[in-house]
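Common to both upcoming complexes is chain A, partnered first by chain B, then by chain C.
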Partner chain A sequence: MLLEDLINGLLFGATYSLVAIGFTLIFGVIHRLNIAHGATIMVSAYAGAAVSILLGGKSYGALLAAFVASVTTGATLGILIERVAFRPLKDAGYLAPFATTAGITIILEELFLKLSRVVPIFHPEYTPFPSPLEDLSFHAGPIYLRGVYVVIFIVAIALMAALGFWVDRTRSGRAMRTVEQNPLVARLMGIDVGRVELTAFAVASGLAGAAGCLIGVSVGTVGPFMGTNLLMISFVVIVLGGLGSIRGAMVGGLVVGVVESMTVSLLSARYKQAVLFGLLFLVLVIRPEGLLARRAVVRD
Partner chain B sequence: MTHPSLPPSSNPSRRHVLLAAAFGVYAMCASGAQAFQDEGTVRIGSVESLTGVSSPYGIQAINGMKLAIDDINAAGGVTVGGKKVRLQLTPGPDGYDTGADSALTIALLKKQILDDKVLAVVGPTSSQSTEVGFNYLNQLVKEGNPIVLLSPASGGPNLGGISPWGFRNMFFEAQIIDRELALVSKEFGYKKAAVFTVTDNAFTASMAKFVIRPGLEKHGLTVVAEGDSLSRDTDFSRQVQALQRAEPDVVFVSAPVQATVGIMKEAARRGFKPKIWLGTVGSIAPEMPQLGGTAVEGLVIGSSYLPSSEHVKGLTAAYQKRTSSEINLFGVNGYEAAYLLKAGIEAAGIENRPETLTEDRRKLRDALTKVEIKSVTGEQIKFDAKGDTVKQGYLLTVRDGQYVEWNRKPFR
Partner chain C sequence: MGYATTILSLAGLNVLFALSVYITFAIGQFSLAQVGFWALGAYGTAMLTTLWGWPLWPALLASGGVCALLGIALGYPCLRLRGFYLALATLGFSETVRVLFQNLEYQIPLKGVPSGPSGVLGFRNVAVTTGIWDIFGFMLVLVILLVWLNHSRIGLAVAATREDDVVAPFMGINIVFAKVAAFMLAAMAAGIGGGLYAGFTSYISPDDFGFHMTLLGILFVAIGGTRTFYGPMLAAAILTVLPEFFRFLAEYRLIFYGALVVVLMTLRPRGLIDERVDAAVRRWFARKPREA
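Showing the complex of A and B:
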């Protein structure tokens, strides 16, 4: 039973990794938190659900179209958020984008609350996200697995691998890492910093879109406030893994998934957040730079 | 052109004049230029959650309330001092939005009393805000400024009686749950039960603690397993695994819609089939049968009215026409609340003048404790000693994607 909890925690944790990677990618590049990341997940999930509903929802073709719609919506929204909430505030204080993206979150949540009442294919509280994966489950020996979690895990790992390849091996990925380390030096080297930032937003928000679709499929519904909780969890994930560390976010998401799963199994769902934040507290005390971040070198 | 008598810096531009005019119009609206007996209106306030997580219930309640106010006014209004006056929702068009924030609820309630000068206030939406609001009424009594607070949507047990000024016309399920548990225990012979609770929701947690568990115990059903989750949880595999292992006859779900759908879908995936699933009104939403599909077929829930009843057909159609959405129990209660207030106002003998407002509020409170009306649902209702309405209720089940009256027979 514990093995089943461990495996299910790992599988579902991959979604947290996907959410957190986008969150930390933006932080790594512009050193600001994008609070609208959760709302991006929500809007993308709605886009995927709408496409799935309109295409009948039970075929793999519809699911693929929904996934593409979610990723595209996420990336587009990310670009808009960068243009509206970050770029005009480049020289403003550290907390300014925090406020603007929090405002965008509220606007998007309330907009979708209203839309869910007037768009005929949506429902007032929760809108279904039909998919052929929802009822899929199987046993691997004594272990019960939900098919959708396995798919989420595979897709999330594939996306993370693609992201890793892009960051490490491509010219634009290396440009992004240069901007991450020192925007001034990057500019002096002829890198278009603004373009790199925009690309980071598009990629990070595209990943948020993918996460939105996968979460919507696993739950079977989407709702206007689904992003809020995910944002909080991804904040824990990126602090655990190390702010700005993509690998840290990958591992952190899996750790959080397992911790949640084990807590529910061994204690109760009501202690989930207490255990999670207790763990966060411990990490901040023992290794404040996060589990996988490089320790800062202090020179004399 | 500038005004000659003003220094240059004070000369009002065209923009300033327009702004001042707009502010004046706003101020007139905000203060309710038309109000009280001389102008032929009675002001009713509202503090519902129109945004945020409780908004699906608050929006239903305010829409139902507005429909009722329109119907009452179209029929001539309410009779005060022998004169017909109109009910006026203040501020229009939707009252205040608390966003399910208890602190904001208190601030807005105070504003309704002191600034808006309303006779009574409808709301709040969530049980948590209602508990806070009712306790605040006791403070208002000490300050000499109490007001009737009538909540159409909060159903948490043990909130009635907190304040003599607090009323609720929600459907309280304790009695009908008692009847259904007697049925499954004595007639069906079920012995083992499991309870699944969403613990961070004031309504579902208190229902499980104060109504469901004591009810199971009273009727000799042994609780063999318990599961819990948080409102935003989306994975229920561990909980279902634990419940399934205990092999209960009955699973009682005290959870909002999404968790109810989530746990029943997970149970269906795992092939977990208790003899009966029971739920609370927390699980009622028009879209629930569609969201849950075949997994929620057979779930039994109490309701204050039959959706298929002839009594509510007109209201159902009017609500659909007005809002392009389906009415549910919270919308019906909002509608009913306006008629309870109408009956109270007409029985209270209020004078409806600004200088008699405090005394009018007291008269309305006293009158509400005695009024009895025939609800839009066809049922005769009144407030009990704790300020709650007693409704007989119906047992519904989900069959073929619809809520229908349960025939009170075991499913399996």
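Showing the complex of A and C:
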């Protein structure tokens, strides 16, 4: 029973990894928090749900189409957010983009609150995300696993592997790491820093879109305020993994997934967030560079 | 209570919240703990006045005092953290407080009706004790305190710590004391403000004190500018009163609100009251040179 919760938490935690990787990728490149990251997830999840509902929702083809729709929506929205909320405020300090992305969050959440009442295929409060994975389940000996968790875990790991390949092996991935290290030197080496930033936003938000689709499928519903909660969870993940570290975010997401499901099974679902944030606070005060960070970095 | 009085009171409460957020920013600390203290003050005051019949101000001072002590307790461990790490740790504090009140069930019968905090359902029928003069009276006290601090050695110490907390100690400034004191003052202001809010609305719920309120506090400071204390006050007043003129937008009002935030921020990236406006205001108040 406990082992079952542990494994399910680990599987679902992979989606938290995806969310947090996107967040940390953007932070690594421009050193600003993208508060609209949560809203990006929400909008992409709605896009996926809409496609899935329109296509009947019970075939794997429909699911694939929904996934593509979510990723595309996420990436597009990410580019828009970079253009509107970050590009004009490049020299304005860290507070200004915090405020503009918060403004965009308010706009998108209210818009989808409104849309979910007006658009006929949506429902007020929670819109269902139909998928053929709903009834799938696996039995590994005495352990029961939700099929959808296994699928989202595999997809999430595949996406992370692709991301790892991009960051480590490709030209544009290397350009991004150079900008992370030192934007000025990157510019002197002929790297188009503006384009790297835009790429980072597109990739990070595309991952957020993928996470939105996966979470929507596994929960079964999407709602206008689902992003805020995920944003909070990704804060915990990046603190565990170290702000700006992609590998830290991967592991941190799995840890948070396990901690969450353990809290629910041992304590109560009501204390889920208190435990997570208590953990965040303790980690920050005792080991500010993150649990998983290998070396101390100057945090400023 | 009339419509104008209600709007003015709401604006006043938001201004108090903006001031408490500003106080930590003034010393260069990106703290998101204010919502937590606001919630503690609201619940504390509501319980003291409603359940045990305390008058408003003793209840406010008691909750404010508790928040001040907690502010010290939170301020010390947070000294190790900087920038976004401090923001995330203090956000953790605010969220933990919210979850605490989501799980707090304490009710005693009052006139046959069980009253008190009841978890996620919140605290209904809080005694309405706050008048508009309580709000603006406390605001005046805070403003006088801030003006006095700005013109004292403490204000200079705070500014020096904000600009460079590595150099400040070499000038004989005790930055540990300065930072913890700012944390404490901000916590106390938020605690009393939250108490006034509880006595004003008569209904408080843990979900009022979530991440959205945290964002609101940052909006006040970002749009007003962190340079002066009256910048965030101005931003809080504008962001409370201006949407009232757009009542015809009805359900789209919050969308407009978000757009207003984006536009204001893009037009004034360093806040409404930035260095240049601040300098102009200072010149205005400075003693005019005598004509020779």
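Keep this in mind: the second predicted complex is superposed on the first by the 294 of 300 C-alpha atoms of A that agree within 3 Å, B and C clash if a C-alpha of one lies under 4 Å from a C-alpha of the other, contacts with A are read in each partner's own complex, and residues count from 1 in each chain.
The criterion applied here is as follows: a residue touches a chain if its C-beta (ideal position, glycine included) is under 8 Å from a C-beta of that chain, and two chains touch if they have at least 3 such contacts.
A quick note: this is a predicted structure, and the numbers were derived from the prediction, not measured.
Partners chain B and chain C, brought together by superposition on chain A, clash.
Residue contacts after overlaying the shared chain place A:110 against chain B and chain C alike. In the superposition on chain A, A:270 makes contact with both chain B and chain C. Of the two partner chains, chain B is the only one touched by A:126; chain C is not. Of the two partner chains, chain B is the only one that A:215 touches; chain C does not reach it. In the superposed model, A:280 makes contact with chain C only, not with chain B. When the shared chain is aligned, no partner comes close enough to touch A:138: not chain B, not chain C. Shared-chain residue A:165: touches no atom of chain B or chain C. After overlaying the two complexes on the shared chain, residue contacts for A:60 are found with neither chain B nor chain C. In the superposition on the C-alpha atoms of chain A, the part of chain A touched by chain B in one complex and by chain C in the other spans residues 110, 228, 270, 273. Those residues of chain A that touch chain C in the shared complex are 27, 33, 35, 84-85, 88-89, 91-96, 98-100, 102-107, 110-111, 114, 228, 231-232, 235, 239, 243, 270-271, 273-274, 277-278, 280-281, 284-285, 288, 299-300. Contact residues on chain B toward chain A in their complex (touch as defined above): 51-53, 55-56, 59, 199-200, 227-230, 232-235, 237-239, 241, 257-258, 261-262, 265, 268-270, 285-287, 290-291, 323-325. Chain contact summary for the complex, chain C toward chain A: residues 30, 77-78, 80-85, 87-89, 91-93, 95-96, 99-100, 102-103, 210-212, 215, 218-219, 221-223, 226, 251-252, 254-255, 257-262, 265-266, 269-271. The residues of chain A lying in touch with chain B in their complex are 1, 4-5, 8, 12, 110, 113, 117-118, 123-126, 128, 134-135, 137, 144, 146, 215, 218-221, 223, 225-226, 228-229, 261, 264-265, 268-270, 272-273.
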